[in-house]
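The data blocks that follow each hold one structure.
Both of the next two complexes hold chain A, though its partner changes from chain B to chain C.
Take a look at the complex of A and B:
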């Protein structure tokens, strides 16, 4: 592992070389766009990180620019690029990166990696394998993972004991999962006082959870090598959606309709849901608010154990001056270095994408004190890349709309996956026509 | 004696109105109660409307520490004031032109103007941003204001307002030897004041609360407006949220408008009645 100071020095040197014509004294002003996807004083934390960076790099003046949610950050970045004012770096939802590559709006990072004396492989090897798919594709490295998560199963220890289940032996398979959910559901006549299981059904979260269930059922969800294909109308997806349908309507262990993430966490705190599926990014929040004992476990598998990665990566738009590019690269390397990535991880609850972070003593102490964070980290061995296609958000919503209809009892799983596939195919048709179906005359 | 049916209807109406008022004021009430409730780390009771009887200012302290509120207030006041000042000039003159002047294509032009109201602002973000950049206004407060200098709604409102004023006043002034400028300034504007006040309220409220466009134009933290500054420490997608701080921050953002409304309530209501805006 190269120490960040060495990297920074290399960056500063390269920056100095590219700066012959201009005065070498003036600091390069760069902007970093960052969204706020977790709770807390994250904006303030980012500000203090930037101050530390600027102090260590007198030749760079970096400003952290708050840019709203992941979707708003995407909108602002795209608008800024088209208006000719690209920011130097952006913390971008990892599955949006592909679209910037398709639109030719993003700077490949290979030249800078090479200038640092590394290969694409040795560079990406610093990060967990599961994160590679959303950062390195089409023959280049496009982004550097910054904050990442996977869906986890959270259990209420007291409810498990009351139902005669062993919280030390959480459900491993869908069969055990459904069985535990039945035992954990408490009914008073027709009303339910404690649901066995809840999972968020709001946009974005739902697509992520369905992709995890689909992957657990042996599915792939999308074509990792071509952004014009999704596998919605397939047995693996049908099985996953049927499983959710059964939990609601056959076993009646999950509430009917769309439950959003905040309701899911609140129900978990209130003892109204014995098991919930939430992001590893919610770990700090649950720890702070849960009064009963809780525990986390891998998401149960069916044909295999599998989840999809979530979170954000650092990317660099095209069209920056050489000086800004060098400064942005220095910033990106600093933010993703083991020390800073580890600090950010402990503060937010995300896991650190840089493996080196877990070799540092302060991180070892933290992991020893927080066994739940260890489970989140171990699940990474079963993690797959996050779905990314042409027009990602609309293609994702095509499925989410249909699954929401299933959860509300307005659609059968069979019709839902067919309708979702048809809508997604229609959305991706323009891209498919320009690529896979554009044949030599 | 028989109950007066009119009187009974009155009670029913008051009860109904009271119910509606309660529904509308609940979010506001919750905000105020939650802002003063001590943070017990208890996300469950966050929805309670029952106040805690040991009110605290800790949430406000946290909110004030999370953002530079003084600067946010100044920026927001500059943006709202600047937009309104220019708008009052443009909508009055345009409204006058559509109400009084005869020129070819007047009807078509007026409806083309009104069509602007149908355009969803989001589709204009990229074209507007490109224009702002060409004008050198990217990441500046005038850049936030510029797209709003002309207002279709305001022009429509002022046109309707001028049309209700009898022509006799203008003609009398013209006979006395006043120029068109003097007619507008001394006769029409004083008579159209209720309409202008109504428009001012709508305009200031809209731009005070606006989020997406300032977020797009502004990058430097020192140029942020209140809504963007508030969102920077209260938004959360993957986790839950600190409701007390959110409520306190929202209270700080909304307070100036609420206070202004409380102070000038009678004038506001009157101008809405006069201008026919609901």
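Take a look at the complex of A and C:
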């Protein structure tokens, strides 16, 4: 046994060395930084995609470097740029792209789009409209969408039937939603054996959920054209936060305090939560772990149906040699092509940003077999760009800290949105001073 | 007692002699130290110096100019987030150090005799030390699950209702403290066990002959003679309470509402989420200064106390 393994390893090593020696002759070496939420399956899939790319492009030798979570990838990319050795391409959380543009660290893609005989518009038209905002702004195209998601309502079919609700007719409005949650909550004296509704309250996820509720309430959350403004202290946001407060303290259908995404999915699997809000990116994960029947639906709306997109785009740091830039552009186009995007989408559960992916026969088969994936795709028509400002993470956290206090009963919604606004304004002040408030002398 | 005194008397002249001889052998000593010194300078003292310089340099968005001053420190002390992280860290330090040391000391004294059962029990108590903090945190994310987690499952048998261990701002820090005590007590026990071996048995025999009870023997012999060990363990625990934050990263990210934000995580947030390197460096300098002075004070005072008693 040991013999066989050693031999195989030696063989693989020799083969690998031979290959590197061969391709090193003329091929352009480029690196792609990529994050995956869960290491293992997805990282291996990315490796195999990269092998296929290198085989199809003998003049390019692309290596995929696994760089951890979205946040860690952001960190490592910044460090590499500061050290003067940037990767040729990065799969970056779509709402971090703006900060690279603000800091002048990212390559606009327009020259390459033009060289391909396309216009910015015809290029971006290949992708769903909702994804444009985080990729094309300030007059240029900065990134190409790669994997995207929106928040969805997941419901337990059995629990719905037990409560006398029709799972084929999920709640559409906040009124129906709160009503269904009340019917779905099972009390056992003082304790609750089944909550009607749960949503992730941990950092990052919470900001995304609150932005969806705010947008459903007619809000904008942030200024899509200027990274120095957020709309926290506004009626639309106040309504959204009050709605969450009511679910916890008035209707008592949602647990008090912060429930992180893992607790939410575990509770859903264990039948302790009848409805949960999770990402479309969790579809495959829920499908693999849920014993009971489940269904997904649009996030209920109040003044309108609206959600924010999430996910990641491909971007290219500044300072690459022309050869590397060209190789990186080839890789970016290949990864976002209908065929590859579709394959990645079927494997991960994210939807494919490239509309063309859904015209391919293998994708049509997949969608016919998975009605839940259809719901996720249809909700895209109501999706908006993802919150991005100067200092995105801290500005988002300013709101999240306050909403967490509301969910814990330590703060009123009115005071919370005011405090969040004040903190956010303070965080964005240096940028605002250098932009909107920097006037001609 | 006299035994200890004589050893001390003997040690002092030797030390003095060594110091005198060292003057003539500075070069070989330096040469022998060089390899570790080079790495210490490269990876410890140089970065410390850089942090100090960074903490005094003031950069602002949209300008490439750097000025020097105490602006970063002013901003740091004005930031309620920093104050909260410092208070949290103080609570966390007190909450982890005292119980963990008391527990470790009790376990060490209780499991002092090397019987078969004790060896087994020592192994059981030591087990959490073998698990990396990251893995322990991953494990406890299931223990702490509200309603369905291990903790709530057993508490429910006693009629307790479910608790949001990590999601309630008033409980979350204490949950992390509990996890840390569980993780570290076995480690500290090891030091106390070693310390106990060094206490001569005849002291106990003499005490017994003079009719001292268990408690008196512990108070008059064990505790004073464990002084240096206690000082050492205290400093280690203090450093741990500032530098070991894997569980914060994994379980709470400092939340809810900053209730579990500790100093090191605050520094991380400033540097890597807000790109405010000046503030991060200032917080680093303040934290290091506090840690260093606390360590020196505790080592000095506890060691002095130990000598006085003996």
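By definition in this document, the second predicted complex is superposed on the first by the 413 of 441 C-alpha atoms of A that agree within 3 Å, B and C clash if a C-alpha of one lies under 4 Å from a C-alpha of the other, contacts with A are read in each partner's own complex, and residues count from 1 in each chain.
In the analysis below, a contact is a pair of C-beta atoms (placed from the backbone, for glycine too) under 8 Å apart; a residue touches a chain by one contact, two chains touch by 3 or more.
Owing to the predicted nature of the structure, the values given are computational and were not obtained by experimental measurement.
Taken together through their common chain A, the two structures put chain B and chain C in a clash.
In the overlay built on the shared chain, the residue A:149 is in contact with chain B alone; chain C does not reach it. Of the two partner chains placed around the shared chain by superposition, chain C is the only one that A:201 touches, whereas chain B remains out of contact.
In the superposed pair of complexes, A:332 makes contact with neither chain B nor chain C. Looking at the shared chain after the overlay, A:262 reaches both chain B and chain C. Contacts of A:80 after superposition: chain B is touched, whereas chain C is not reached. In the superposed pair of complexes, A:289 makes contact with chain B only, with no contact to chain C. Residue contacts after overlaying the shared chain place A:67 against chain B, while chain C stays out of touching range.
Once the two complexes are overlaid on the shared chain, A:44 sits against chain B while remaining clear of chain C. When both complexes are overlaid on chain A, the residue A:281 reaches chain B alone and has no touch with chain C. On chain A, the surface patch touched by chain B in one complex and by chain C in the other comprises residues 75, 78, 262, 266, 270. Note for the complex: chain A touches chain B at residues 31, 36-44, 47, 63-70, 72, 75-76, 78-80, 82-85, 87, 149, 204, 261-262, 265-266, 269-270, 279, 281-282, 284-285, 288-289, 310, 349. The touching residues of chain C, when paired with chain A in their complex, are 60-63, 141, 145-148, 161-162, 164, 166-170, 253-258, 269, 272-275. For chain B in complex with chain A, the residues that touch the partner chain are 41-44, 65-67, 125-126, 129-130, 132-133, 138-139, 211-212, 215-216, 219-221, 224, 228, 231-233, 235-242. Chain A contributes residues 71, 75, 78, 190-192, 201-203, 255-260, 262-263, 266-267, 270, 272, 390-391, 393-394, 397, 400-402, 404-405, 407-408, 410, 427, 430-431, 433-434 to its touches with chain C in the complex.
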